[in-house]
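First chain A sits with chain B, and in the next complex the same chain sits with chain C.
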Partner chain A sequence: MVAVEVGKGQGLSISRLLKSRGEIWAGPGLLLLATFFVWPLLRTIWVSFHKGSIIKPTREFVGINNYTDLLTNDPSFLKTELPPWSALFNSGLWVVFFTVGVIGVGLLVAVLGDDVKYEKALKAAVFLPIVISFTAASVVFRLVFAADSRIGSVNALWTTFGFDSVAWLGQAGTANTTLIVAGIWVWTSLSMTLLSSAYRSVPTELRDAARVDGATAAQTFWRVSFPVMRPTVVVVAVTMIINALKAVDLVLVMTEGGPSASSRIVGFTVFWEIFNNNRAGYGSSAAVLLLILVLPLMWYQMRNAGLDGETS
Partner chain B sequence: MKRENNMKRLMRWLVPLLALSLIAAACGDDDDSDTSAPSEQSDSDSSDSGGSDGDDSSDGESGDSSIGGSIEIMSNWGGPEQVGFEEVLAAFTKATGIEATYVSERDQETVLPTRIAGGSPPDVSIFSRPGQVQQFVDDGVLVSYADLGVDMSLLENHYSQSVLDLGTFNGELYGLLTAVNSKSTFWYKPASFSAQGFEEPSTVDELDAIIEGYVDAGLTPLAIGALDGWTLTDWFENLYVRVAGPENYNKLFVTHEIEWTDPTVVETMEIFADLLTPVDDVVLGGAAGANSTAFIDAFDQVLNDDAEIYYEGGFMGNFARENFPDLVGGEDYTFFPFPEIDPAFGAPVVGGGSFAIAFNNTPQVKAFIEFLASPEANEVWATTSEGARINPNSGVGADLFADPLTGLEAAAILAADVFVFDGSDLAPSAVGGDAMFTGLQMFLENPDDINGVLEFIEAAADAAY
Partner chain C sequence: MTTGTNQTPLPVIERLIRVTRKGPVHVLLGLVGLLWLLPSIGLLVTSFRTRSASSQSGWWTAAWEGGWTLDNYDTILSSSGEGLPPPGFAKALWNTVIITVPSTILPVIVASLAAYGLVWMNFRFRNTIYLGIVAMLVIPLQVTWVPVLKLFNTLDLTGSFNGLILAHTAYGLPFAVFLLVRGFSEVPRSLIEAARIDGASHIQTFRKIVLPLAMPVIISLTIFQFVWVWNDLMNALIFVQDVNKFPLTISIRNLLGQYGNEWHLLAAGAFVSMVVPLIVFLSLQRFYVRGLTAGAVKG
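After this line comes the complex of A and B, so read on.
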């Protein structure tokens, strides 16, 4: 009798514990998170204070040397020793032009392509790039921008207008911009899809009412539809900024960061220093700087999505 | 209520189980460190059967035919080269009974360190960057040939001391140089040469005259695939070893006793600039065209008659065969050796190759290295159905090769007085795989600013050695 009661009491206390301490249920999830996110993050920060190879990343503790080297000595990270711009500045150009381009083209297709005769075909065509691996897309774009107008379709078009063909990827002045254009093409698919569904979610009565009140098409869009779509636009913008900062694949395949390191961006530097130059600590310090750049954006996005615990 | 209790009872078991499985998964990697255990067992097997099977001992060169077990070998060969190497492995399995698995990893320089760091390297890698092999040695992840117990007399009988020296790190032999190629080859079209009345040049001055002759005739003499920065470093290495000699070559690339701003380097760059300027006339597409062209595409440009001469290694013949099946190698296109500059240094061969390095100390690995060094293996490798490779093994003659161009290349390598390894592969990656690429692309854009380029490379070298 007593034993039964004890057993019962234990069962109850465990169930009570599980009920009162909901965190326990998050345990397995937290364990996964700690293993695959928190530990690598802390490890990267730790490695960034060391000098070493991929195999022995923490061979020698060097304090903040990697950071000072990166910011003051590296010929292509912050300084503009290699014209025209440094990796950090190139990343800035990506953040501005890539993000504006992806959202701009995405909005254009989403809004102007809505309810037109060939809407499905048009949107399918714009959506298509998302199913192509970025590496494959990069190889294709290297050919599209080839200097030889018999190979590169851009130069084929360019020369029919009477211009001389241009080595878009071979000149320090144009390589980074060309990569941004390719990046816009690759990512517009996602942005168009999200913006299109946001546009669809604007109640038609709102637009109809605005039209009845005499608003022009432009006014209807900017005053009525856009404010409803705004949260989606913000999410797309933040996602694209993060994409711009960490982009590696396009740069690696299309230019290898060249010519003369003119098309390096921060994400590429992280990869290149660790895996090409076998400097784990140095590359990690670039990764940590990248994280610091991305952090405010992530925080903003989480706040925007109401994930920080406060109601938005 | 009862069902809820059942649920809780279930959870009471499930949660710890889940946690346990996670922990088990995290520890899973450790199994790999035990790979030597089964092979040790097979070792004892082989010594058992070796007793009953005594006749094998007479044929000591390619190892004990009854070892059994398996071995994993990684390299960056794919396509025809993979087919050829797998034929070599089939011969190995036939001779030793050891199962050999080949892992083709095009991006081996990146993947291998990751596998080492993860605790599961392949048994053997055939690896092309000695600079990185040095780092593996320093990191203590390689097994030396002495520790493997490789029969040194076998190596000494079939390889020159200079070849063994290239595989020696910190005073110990860690890698056998295999699958070498010459990077001292200028590809040209004999018909184009004879149309202009040119002959194969034997000095760089004569080469310069040919380049100018083509420009005067309204043709573009050179194509360069400088998107791949190493094509430019290969140019530089050939010029430098001819200007300054092999000793200085090592001091520049291996030890950095010579700085990049040294007069010998400046002189080399001036010769380089003489050959290439005016860049817009001499190089197809000018600097920008070259800097956006990959190395295979540049040779295609020559074979498409957009340019006349292409400098890159002997291996370009494979790409020409593949991309231009209608052209005949040795007739429509062929190569002449990189010409001399200073008679004192002649025409050394700058070349590449891959070192067979060992990560695990097993009898199978020892047997594989010994097989790889045997004349039999190298004969198989020279006569494979495709992807035949040249090896600096004294048992292999240049006449073995079915393809005349490969035979020509083999003859050049086997006859060379001096064989120096690709310098950018000898230097730390931050210099040989980064700063040199960037610097020489800058040089192509602006050949007048030699000092600026050299100071740029020297700054990187100063930090890297």
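After this line comes the complex of A and C, so read on.
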């Protein structure tokens, strides 16, 4: 506390409280967070033990039945009629390939694209999708992967090589992968931006010194630049894994989880069961499983955050 | 040969070797650039082609096949919205504006106050609360939808702009507070202490010192939140159950459902939705990138 308030204040007064307590400044925000995060989270866990609709989520208590149903009976969550394309399997593919793709291309552009003549144009091109909504991006990629080879550029190229045109989004074997490609296109913007600034933070003298000592470009990167960038790479990886697990927009607009539920992912299943199939309790149990999947990442983020210092 | 003549050609050879060795790198980077740019260009070209041209030939043939027109934008933006999924694109564009402006301003204000309180004031459990906010950055919104919708139904907020604006304000807060706490912490402690000793109230310190110094971060947050809300589909789908209040994103999805292969209209519609964020991005790119690199990410 600072001297000026010591002189003025005699005991507690409301105006003094208003002037000195951070809780009051943060009040509106904390109230909103409690209403839109804390309470709904607890409530969703409760709802997940019930059978019910959107209007009446807790109509009938069913214990852990939703969870056992989801994990043993659901035709597209853990089991699947079109092996191996279950929602959990697809989410796993997203976590691995989406994350690797986003970081791989992001690193490529950030590192190799640093200091080339067309750096600005290249980075602008990769950055652009950040302003495009998932909905518009879905239109973009429905066109790119259109089954008609006269219209879809991928199939146009594919048929040029002598293959038959493929319904990329219309068959179980390729739908999920195609969605991942669209996801990588959208999110690389963010990863490239963060990794670029990390690469720029590597002291040039370090790289020059390594080069003078005869290190190859690859050695310079892995031994000198990458260790400096590693924390950012980890941050981006964690962020992208979370994005992969939560994703729903692209799937909803591009395939609605189809064909035959083969491109569902966990984040989509939650939305679909609750709002399309009107099974609030069942969808909530999928939501709780989704939450459990992100918990390790949440723990990681919290471990690396924290406020230090005192207040004035 | 003397060393002199030997030395002059060497740099040339070296340069040649360097260029050829760098060749694959340039090819790779060029390929990435094309892969990232062409999908959008394809959509842009398609939006300027007639229905028959865009349904029978690829956009890349437009240079010689022709079939150019501006009619798609006329159709998409016609005020009657005839033949388009309700409420029509012109109305939906307006709805998006009505939703986005308050949903951008409110969280920035609420988060600024909270961040100032967290960083520069006495605060019980401040570290715990801050960690809680970091945790909320990760929480999938999926776990909040059912209870929040139920609450909105009870309060008669479902289907209103106010409900959605409130939801956007709350959902944007974890990232906003996180980013601003980082930004506000960078204000030198000595400045704040000097102001406080000179008798400035917290309100004065906030307005005269912290806000001006943290303005770049606040601007980047504003842009981020603006683009985020403008592009939102899921929250609008869940909380706006009134056709007349649908934003652009829902209109595009419905257009896709109604005319899955009418690429000329879909492309024009998608571009209409991109124009505003694109302008924001082009004019304020500096701040945007700064904000992205300052904080981690929102989801």
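Here is the rule we go by: the second predicted complex is superposed on the first by the 271 of 312 C-alpha atoms of A that agree within 3 Å, B and C clash if a C-alpha of one lies under 4 Å from a C-alpha of the other, contacts with A are read in each partner's own complex, and residues count from 1 in each chain.
Rule of thumb we're sticking to: a residue touches a chain if its C-beta (ideal position, glycine included) is under 8 Å from a C-beta of that chain, and two chains touch if they have at least 3 such contacts.
Computed from a predicted structure; not experimentally measured.
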Original post:
Who contacts more of chain A, chain B or chain C?
Top reply: C
Subject >> First, second, both or neither for A:105, with chain B first and chain C second >> reply: second
Original post:
Between chain B (first) and chain C (second), which does A:87 come into contact with in this model arrangement: first, second, both, or neither?
Top reply: neither
Subject >> Partner chain in contact with A:241 - chain B first, chain C second, else both or neither >> reply: neither
**OP:** With the two complexes superposed on chain A, say which partner A:35 touches: chain B (first), chain C (second), both, or neither.
**Re:** both
Original post:
Which partner does A:171 contact after superposing on A: first (chain B), second (chain C), both, neither?
Top reply: first
Subject >> Touched partner set for A:202, first chain B, second chain C, both or neither >> reply: neither
**OP:** Mind working out whether A:55 is in touch with chain B, chain C, both or neither, as first, second, both or neither?
**Re:** both
Original post:
Which partner does A:275 contact after superposing on A: first (chain B), second (chain C), both, neither?
Top reply: both
Original post:
Which chain A residues are contacted by chain C in one complex and by chain B in the other?
Top reply: 24, 28, 32, 35, 54-55, 57, 146, 275
Original post:
How about chain A: which of its residues touch chain C in the complex?
Top reply: 1-4, 19-26, 28-30, 32-33, 35-41, 43-44, 47, 54-55, 57, 105, 108-109, 112-113, 116, 118, 121-122, 125-126, 128-136, 138-144, 146, 150-153, 156, 185, 188, 190, 193-194, 197, 235, 239, 242-243, 245-246, 248-249, 252-253, 267, 270-271, 274-275, 280, 283-284, 287-288, 290-291, 294, 297-298, 301-302, 305-307, 309, 311-312
Original post:
Mind pulling up the chain C residues that touch chain A in the complex?
Top reply: 25-26, 28-29, 32-33, 35-40, 42-43, 46, 54-60, 110-111, 113-114, 116-124, 126-127, 129-151, 153, 166-167, 169-171, 173-174, 177-178, 181, 185, 189, 192-193, 196-197, 199, 201-203, 227, 230-234, 237-238, 249, 252-253, 256, 260, 263, 266-267, 269-271, 273-274, 277-278, 280-281, 289, 292-293, 296-297, 299
Original post:
For chain B, which residues are in contact with chain A within the complex?
Top reply: 5, 8-9, 11-12, 15, 18-19, 22, 26, 109-110, 113-114, 116-117, 132, 135-136, 139, 141, 226-229, 285-293, 301, 306, 428-430, 433-434, 437-439, 441-442, 444-445, 456, 459-460, 463
Subject >> Contact footprint of chain B on chain A as seen in their complex >> reply: 11, 14-15, 18, 24, 27-28, 31-32, 35, 53-57, 69, 73, 75-76, 81-82, 145-148, 166-172, 175, 255-256, 258-261, 272, 275-279
